[in-house]
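See the structures that follow.
Same chain, two partners: subunit A is paired with subunit B first, then with subunit C.
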Partner chain A sequence: MTMHILPKAGLCRLTDELAERYALYGPVRREVSGEVVFDLVSDPSEISLDAPIPNTPPKSVVFPQAERIMSFSFDRETKSASIERDDLSVSKALVGLRACDLNGLLCLDRFFLGQEYVDEVYLDHRKRMFIVSNTCVHPFPQCFCVCTDSGPAATEGFDLDLTDIGDDYLVLTGSPKGEELVRKLGLAEAPAAQAALRAKAVDASVCLFDDQAKDNKAWISRAVNRITTGFIPYEVWEYIGHQCFECGACSFVCPTCSCFNIEDVAAGEGRTGRMRAWDSCSFEGYSRMAGDHNPRKPVEDRRNKRFFCKLSFSQSKKYLRPGCVGCGRCVRVCPGDIGLPNVVTYIRRETIKQVPSE
Partner chain B sequence: MIYKTGVCNFCGTGCGHLLKVNEGAVRGVFASPDHPVSEGRLCVRGWHIHELLTTRERITRALVRKNGVLEEASFDEAVSLAANRLAAFPPEAVAFRASPRASNEDNYLLGKLARAVFGANNIDLASDSGHGNTVDVLLESGGLPVLLASVADIRKAGVILVIGADVTKQNPILGSELHKAARNGARLITLSSRVTQIARLSETHLQSKPGSKKVVLAAMAKALIDEGLEDRAFIGGNTSGFEDFARALEGFDMSRVAGLTGLDPDAIRVAACSLAGAGTAMAVFASGISGLERETIAMAHNLLLAAGKVGREGCGLLPATGICNIAGSWDMGATPRFLPGYTKVGDASAAERIGKLWSAKLNGRSGKTVDELLSASPTPIKALVVADHDEGIIRHAGAIKGLDFVVYVGAFDNPFTDLAHVVLPAASYAETDGTYTNTERRIQLNRKKVEPGPGVLPAWGIWAAIAGKRGVSWPYRTSSDVMEEIAAAVPAYSAVTYGKLEKGFGLQWPCDGRHPEGCPRPGPGELSGRLAFAAVSGEFSAPAPTYDYPFLLTVGTDNYFWHTNNIMKKTHIPKREYNALLLLYPRGLVEISAEDAARIGVRDKRLVNVISASGSMQVAAKISAEVRPGTVYVPYFIGDMITGFLEAHESLMEGGEDSVVPVRIESV
Partner chain C sequence: MNETRANAIVTVPAVAVIDEVKDEIEDVKTFYFSFEDEAAGKAFRVRSGQFIMCTVFGAGEFAVSLPFSPEDDRPHLSVRQVGKVTCALHELGPGDKIGVRGPFGNGFPFDEIKGKNIIYVAGGIGLIPLRSSIVHVLQHRGDFGRILLLYGARSSKELMFRYMIDQWKKIEGFETYFTIDNPEPGWNDRVGFVHTLIGPAAVPVKDTVAIVCGPPVMFNAVIKELREAGLKDDAIISTLERHMKCGIGKCQHCAIGRTLVCTDGPVYTYKQIKTLGEHI
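Entry: the complex of A and B
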């Protein structure tokens, strides 16, 4: 890893260079409302690196909400099948990915690519990707990445990492692709004193959490402990389950959620298309099997499963990190007010009560 | 930039969303964090609207029935046929059913087509009976026909009374607002005979006997008055008719409360005092899809009025409209009794004003709803035009088969077309500009996102084409043109323009000369006079079981409305979720409490006969913890249940949640 300097005015050189070979994605502020989305841009200047965390999770770049992955048809007369796989591989550059979302991407990598079976559809999306991450020099109101070891700066997984130090960006290379681009742009290496500013910026950012990231805190260690060992009274899950509106939003916005559904739909001209789309374990139908066997039928059992995925050690082993990245999106989209920080609070509160008094 | 702002087209909450559009097609949907009502939330339906919008199960061509079979025809041929055949019937023999999901522009012009071109006043809205009672009671009491406040007032209410509605399933994001208010300290009281999710999330659940909500509300009002807690200053300064109401309550003997309602009178008294004592309070009920009887709505209105909880921040009676444009369609006059803007059909000066605007002489005789017309035996109509209905009308399939001429206009494939002689393809709501009015009077503009199929028009364009074939030429080129005329016809919309609607997240009517940017909380200045206490019957009764029919059967059309809904069947995940019960109980089900089931020897999923004095049906039993003992509950009707049982009990759909049929249950 080497550290370089890029004057802010020169950012467009970086994005223009990427735009030559990659479809560019980045945080964009929408015109009327100012909401931030992580979107495909046609003009690199649309990307706003100081915009708050995008409401749409960047995971949709590698794991779209709905897409066709193949199509097929069967000719009854000749008894021959024609199967065509959709070519989903497009070179993409993600510019301005925050550390939480990058850690989410790494969880998805380990889930889709790092287990016994490699998911070819995910691989198609993921390969030929260039990632430019963006250190959060200050948190946003919803952030709690410091509780989940996923920010405010990225530690791995990027090709280039940017840190705003005023008039310039510090550019940290994280891969041979990153080093090559830096060479191509002719970026000067940062002198040691300036390079050290990255660590200082991260420290300063962490100190700002108390004042600026007030919406959510999740002191997850007791929750991790209890969820892993199963020592949580069932009443706690019922309390959480009562508040679940079974909408699926938490799964859709979560950077680490990877569940999907497959549907075959008419694709026109006698062909059938196989669609892959986001699904959520909050739905009763998600785990229902033939004959109505359902290992997670009551809503509290489904909520139990979700937080097991996010916080239990068994799942973290697969992700090589906790399943929650502290982005705060689930809190904002939940109609029932059971985002992860609240659930952690309930678990802590209920398990404290179990301690016998003197 | 591929995320485009829009408004969800399912329920009446009117949540904002971002539709993801790429290469001319809808690809996905996302919640809109800055939308003032939904604030980044959507329900399972809203999160999957892209599945509906990308289905191939669309009506793409005009169809005409020839020799018993629907064949493709040119749009011109089909429209000419429709126009000419409809004109051949006398106006009383023709009826029009508007869709509550259609835009204001669509339904305004359907009203104009029916009244100005065909002289017919038989135009109604699917889900009419649910919302009709609300409109009647509120208009008669001098208010506006919907909420006199905003959804945002929920956050400022100290006490919230949920009357019946399974609101977290019907209007989930409204339910979310109620829940979050409760978590912030508001006292949530649910009055319902079933244990709904909102009941579980409430501090107090008054689990009343079915059909007795009006008695409970009367008892609450009486308790309030007996304790001297009525808001005298508010009543004296802002209302009329309190004395009559108080007198009507005098005749009510509180010792009968427990027997009639199944509730402890002290619990009712505590709830009433809580409501009165709070600085601010609101009440919520379901309107449209499901609804309450007039008397129940009147009692709820009067209770809030007596407690002084109307017309200011954090207060109000909220009829939660169940479908996205029930409110707007009523504003547009898609009803047999009202012209646009809630003037009565028989009102001479209104008829003259609208008639002048429409260049037609209007028929002064009030029309009837399609349900009334088709339920009558024999039915007085010969022709029916149905726009984009979802499912409810199918209970009249028998009567519809006997009609001479049926036209269906819609965007999505619908088994209803089996009954139609002419079918015309309409654009889906994402394929055209249109405005929709939600439950807090918010008129929102949904812009076109993708192109419709070749030659496919928005519904309003089809109405214009039919008018054109009758020699009436309408000048509209765009939806915005139609809104210009709506602004001239409906006083509360008079200052609405697409330009204004587009700047933010819509405007709440009245949006007129006095309120050019809309009005979040209409007060005395926006009403034509004082608010009045609604007339009540002075009788206090509730349905009672008998020896032969010991169970009280109620039906729910709220949480499971979307279950048997035609457009929901075009989705994947919502369909999967809603189908869960259908797969287990394919012949329908009746919910019964475990205690009752054990007592009469009924087991889960086994067939039972449900027998009333008027008819019977055979369905499976479902043991449920949510049903009050002594009550049985049917969440939805399918197949034989519709023709066999529902036809014999037309009243079940009329009174919504308050309708009760005494039945007995026997194992098969």
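Entry: the complex of A and C
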């Protein structure tokens, strides 16, 4: 790991260089709505590193909302069948990833690639990727990454990491690929005094997290403990379940939610396409089987599974960290006010109630 | 990772040909199949109790248990038409083709149950996934003690594989007990739910495992009865069914508490099932 200086005006040299070899993705401010999204850019200058955390995580880059993964045909006349896998591998560069989102991506990596089977579709998207992360020098209103150990700065998984120190970015290399690019761009090594500014910027950022994040800080680990041991009264899940609209928005904006559905649909010319699309455990049809048996019919049964997935130890073993990265998007999109911090609050409230009074 | 997992067809299905279709009970047919590509057929080795993901071209893919023994048995599926994809499968005949991914899942323990008495308890088409284990165990008859099949269905017409059970009965020490839910003209055997067979069968308890498969309501009654008879929770084994989309532990539809039925299951002991933290 080496630290270098990149003048802000020189950022386009970095992005232009990456655009030569990769399809370029980054946070973009939409012109009319002002909405910030993480998306493919046609012009590297569209990427805005100052923009607030994008409304959607970069999940869709490695795990698109809906995509065709293969197609087949079967002709009953001639009895000939053919199956063709779609080529989904494109070299991609992700620039300006926030630490929470990078940690979310690493969760997906460990889940899709690190378990018993490798998910070949995910691997197609993920291989040949260049990642430039971006330190959050100040938090955004809904953020609580300090509570989930996933920010405000990245610690692993990047090729290059940028920290805004005023007129310049500090560029930290994280891989041989990153080193190579820094050499190619001829970036000067940062003097020790300047290199120390990254840690300073991170500390300053941590101090800016609002009270809500601080309030929940100690309690996320307690909630992990409670959820893992099943030590949460069913009434708490019922309470949460009653607030759930079953819209699935939390799953869709979550950097680590990765449930998917598979559906075969007509693709024209007698072929059938196999589509893979996001799914959510909050949907009633999620666990319903042919013949209508549904083991998870009540909404609270389904709802608590999402929080189990985010915060239980058994799931953490798959991600090698809690399944929540503290991006706060579920807080913003949930119409029922049961984003993850509130769930932790309800668990906390119930737990305090259980303490016997003397 | 055991050998069958290392060889599994993970993402792109292999094409298989339906060689023969046999009518079983109403709405249930057996499809004998072989792989179009001989090498894929050779590499396709299974454990009893595993399952595959079966693609019906143009309709979709579904998870289905494998009823054939890992040794000396013709590959086939026995499927009830219930939903969109299984109904489409029932439209197919000899020469038609399907896609196969797998095999997936852990399968029934075979080496662990060697030397023991085995009680198979099945309800309705719950006999299909047990068939692979029954045939495999009978192929190694000398390695096991008493082998009992306790089998119940709603009516006599819904008892599966009766012609096959008649063959198995010729094997020494294979005991069968049947029941149907309601009396019927011409039915001289027992009437009642399948858990009521546990008493009359005088099931062994020592060095015994029970392997149970059937609808959830039957499962709970059978477990209660077996435990009362004295079987320990880890001597009761079942194979569970869940909605599945991928078979490889990624889509998460088959999650039960902390486990995924596709990769951790589908075979669990009752001791494990109790700790899953969800209804089965």
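Simple rule for what comes next: the second predicted complex is superposed on the first by the 350 of 358 C-alpha atoms of A that agree within 3 Å, B and C clash if a C-alpha of one lies under 4 Å from a C-alpha of the other, contacts with A are read in each partner's own complex, and residues count from 1 in each chain.
Basically, a contact is a pair of C-beta atoms (placed from the backbone, for glycine too) under 8 Å apart; a residue touches a chain by one contact, two chains touch by 3 or more.
Bear in mind the structure is a predicted one, so any value in this text is a computation, not a measurement.
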Should the pairing of subunit B and subunit C on subunit A count as a clash or a fit in the superposition?
fit
For A:Asn261, is the partner it touches subunit B (first), subunit C (second), both, or none of the two (neither)?
both
Using the touch definition from the top, say if A:Pro295 reaches subunit B (first), subunit C (second), both or neither.
second
Contact-wise, after the overlay, does A:Ile47 reach subunit B, subunit C, both or neither (first, second, both, neither)?
neither
Please indicate which partner A:Val61 is in contact with in the superposed arrangement: first for subunit B, second for subunit C, both, or neither.
neither
Who does A:Leu172 touch here: subunit B (first), subunit C (second), both, or neither?
neither
Quick check on the superposed pair: does A:Cys250 touch subunit B, subunit C, both, or neither? Answer first, second, both or neither.
neither
Who does A:Asp279 touch here: subunit B (first), subunit C (second), both, or neither?
both
Partner chain(s) touched by A:Gly336 [first = subunit B, second = subunit C, both, neither]:
first
With the C-alpha centre of subunit A at the apex, what angle separates the C-alpha centres of subunit B and subunit C, reported to the nearest 10°?
80
Once the shared chain is lined up, is A:Arg30 touching subunit B (first), subunit C (second), both, or neither of them?
first
Shortest CA-CA distance in Å separating subunit B from subunit C in the superposed model:
9
Under the contact rule defined above, give the subunit A residues that sit at the interface with subunit B and also at the interface with subunit C.
261, 263, 266, 279, 288
Per the touch rule, the subunit A residues reaching subunit C in their complex are 69-70, 72-74, 76, 79, 81, 83, 85, 111-112, 115-122, 230, 258-264, 266, 272, 274, 279, 281, 286-291, 293, 295-296, 301, 305, 308-309, 312, 314-315
Looking at the complex, which residues from subunit B come into contact with subunit A?
1-3, 5, 18, 20, 22, 27-34, 39-44, 46-47, 50-51, 54-56, 168, 172-173, 175-176, 179-180, 183, 197, 200-201, 502-504, 572-573, 576-577, 579-580, 583-584
Considering the complex alone, what residue numbers of subunit A touch subunit B?
28, 30, 32-35, 37, 39-42, 46, 55-56, 60, 64-67, 242-243, 245-249, 252-253, 261, 263, 265-268, 275, 277, 279, 283-285, 288, 292, 332-337
Looking at the complex, which residues from subunit C come into contact with subunit A?
1, 5, 8, 10-13, 15, 17, 36, 55, 57-62, 82-86, 95-97, 99, 215-216, 241-243, 245-246, 248-253, 255-258, 263, 277-280
